[in-house]
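Dropping the structures in below, format is structure tokens.
One chain, subunit A, appears in both complexes that follow, with subunit B as partner in the first and subunit C in the second.
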Partner chain A sequence: MSFVQIASQTLASSTAVVTFSSIPNTYRDLVCVVRANTTGSATALLRFNNSTSSINVRRNRLSANSSSVTSASTDTSGGVELTYTSRATMPNTLGEANFLFELYDYATTNKYKIVLVRGNRSTTGMDAMAGMWQTTNAIDRLDFLLSTGSYGAGSIFTIYGITS
Partner chain B sequence: MSMTFISSLTASSVSTITFSSIPSTYRDLKLVYQLRFDARATANNLRLTFNGSSTSDYAWLALRGNGSTADATSGANSLEIQPGFTEGTNSTSNTFGNTSIYITNYNDSNVKSVSIDSVAETNASAVQFTYLASGYRNNTAAITSLTIAAGDSFIGSLWLYGIGTN
Partner chain C sequence: MPLGLGFFAVAGAAAAAGAFDLLTTTILTSDTSTVTFSNINNYTAYKHLQIRAVIQDTNASILKITLNNTSAGVTTYATHKLLGDGTSVAAQNSSASDHINLTALPARGNQAETFMAWNIDLLDFSNTSRNKTLRIFGGFAETSNNRIGLFSGLWASTAAVTAITLTPTSGSFASTSRFSLYGIK
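On to the complex of A and B.
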């Protein structure tokens, strides 16, 4: 197995949407690492191929805060929600949280696409989530968005390719 | 190649083990270990600290299952991050607690957060834990050393990898 850094973006200033386009199809899986913040309170979203279709994402989560565990599923549109209210939310302080994603067989054209999400924010909660994009299209673009506001300067988004 | 082996350590009946002088050339770190207590009967938590510092600026939060129930546990203003259980001498022979710890942006001047996956599985009902956790240190110093410690001695192996480039 090899683990190759495809691209990385460090924001020089506040940015509403972080885009990775023309992702090569030469890897088996993708791993994304996000260490970001925002000035307000917002839900983070991951959008595939810039598709805003309302039919194509669902999120199932297992979450914990300091004392309890919950599980639920939610249909969303326009992207997979990467954060959950009152659990591993996007912090105001850079470095207080990190978010790791795994996308399996992202370049195939015969499978719906699954993303596994880990949100880690020890001061509020953690999430283990799964999202599905219900299309067989190969993924060649990822957009990281927020429900409101912007990612802060210094936020880092990195994509790795995994080969077998 | 963006995932690079940095070094490994062998724990031989020690209660503290440290990766020191970690190079600053990577973006993230991944620490993987298999450990087991050699002088303690029952499984117990380990402790993770950075830069040899056990000040009360750590926090951790875990979602765990023991084969029958799931719960959450956490520590705030803690002296360490608790990265999961490992086996004791009462556990099935040759079983070790397995843990993977991902540390993002260890080398910059922001506070630090980590992602932890850990399992203590012994094919016995007495001790089995699946443990998903987040860890945090409210300190902006770059991480140059990582220490795993416990109140009792342990044995096993640890591996450290660098991921990505700055």
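On to the complex of A and C.
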């Protein structure tokens, strides 16, 4: 068995930051599945090890809506953007947005940390993204947050470990 | 207010046993020109295969895939791809090719710690009444170089897959690149 649920949270009330800490280093990759609504329009972010330092986080995305497909990249220090800011705001209807993140070699200390993201926004479009946290630090904590507001009650966050 | 659980709300709840299993992993200890998963036909318990790879190239060359050690010059492969480089989008294809043609890998000389992540799904690999199709997702995000891609690959053969070979078009896979093969029931 190589695909194991590590933890899952279903929010009982609105929550600004959803944290998974003390993530064991015994897996090769992590998979995170999110089905979320929000208290308002916002951009979703994924932060590693609760770091807001100057360590660069780069994101490269490919996004499509009903009429166009675009690509753009950004550098930030606060976390990997999981949606395209100007268009891919999180819908505020429960379950309308779902995202699947795959974080590779998260416990190694000889590679920058890379995450592939597939996002589906049923009313506004879809995204495929690569994010890179430009440090070789092992990851033991993930924080899901928003540019503004909170995740709504009923949002579900689940992380899985893949062995190797 | 941050939830700040600090620990897992649910720990150790397992997925269905044995539906997604590690078959083998290779982590390179030196630069290597080709990685092949052989004897695939032994994995009879599985319907589909997934390669999860974290790859760097010594030369920023293109990743290609062949099945069953087909010869150079065959015309049985095709690829379609949707690529983003952080600025523009491109849709490309190759047909009547001797390999599945993906996209350029990050070069060790640019940022030594940058690797490209790949999910490569090979569907119905042992079925002898269907041509073989692959669904592929890969990307990386360097400071001055980006790639995100969605790919489909075709091998126009109904032969059961016995080997999967990954090769950079020039150079070598860099040391510490990782290739893991999983079976899906």
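Methods note: the second predicted complex is superposed on the first by the 157 of 164 C-alpha atoms of A that agree within 3 Å, B and C clash if a C-alpha of one lies under 4 Å from a C-alpha of the other, contacts with A are read in each partner's own complex, and residues count from 1 in each chain.
Convention: contacts are C-beta pairs under 8 Å (C-beta built on N, C-alpha and C of every residue); 3 or more make two chains touch, one makes a residue touch a chain.
What you see is a predicted model; the values in this text were computed from it and never measured.
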{"item": "Superposed partners subunit B and subunit C on subunit A - clash or fit", "value": "clash"}
{"item": "Subunit B versus subunit C as contact partner of A:126, first or second or both or neither", "value": "first"}
{"item": "Partner chain(s) touched by A:98 [first = subunit B, second = subunit C, both, neither]", "value": "first"}
{"item": "Subunit B versus subunit C as contact partner of A:17, first or second or both or neither", "value": "second"}
{"item": "Which superposed partner A:138 touches (first subunit B, second subunit C, both, neither)", "value": "neither"}
{"item": "Partner chain in contact with A:42 - subunit B first, subunit C second, else both or neither", "value": "neither"}
{"item": "Which superposed partner A:33 touches (first subunit B, second subunit C, both, neither)", "value": "first"}
{"item": "First (subunit B), second (subunit C), both or neither touched by A:72", "value": "second"}
{"item": "Chain touching more of subunit A, residue-wise (subunit B, subunit C)", "value": "C"}
{"item": "Touched partner set for A:154, first subunit B, second subunit C, both or neither", "value": "first"}
{"item": "Footprint overlap on subunit A, comparing subunit B with subunit C", "value": "2-5, 8, 62, 69, 118, 128, 160"}
{"item": "Subunit C to subunit A touching residues, read off their complex", "value": "1-15, 17-22, 25, 52, 54, 82-89, 111, 113-117, 119, 137-143, 146-150, 176, 178, 180, 182"}
{"item": "Of all residues in subunit B, those that touch subunit A in their complex", "value": "1-3, 27-28, 59-63, 70-72, 74, 76, 102, 104-105, 108, 110-115, 132-136, 140, 163-165"}
{"item": "Sites on subunit A touched by subunit C in the complex", "value": "1-9, 11, 15-22, 28-29, 56, 58-62, 69-73, 75, 102, 104-105, 110-112, 114-116, 118, 128-132, 134, 136, 143, 160, 162-164"}
{"item": "Touch list for subunit A against partner subunit B, complex", "value": "2-5, 8, 33, 35, 62-69, 88, 93-98, 100, 118-123, 125-126, 128, 154, 156, 158, 160"}
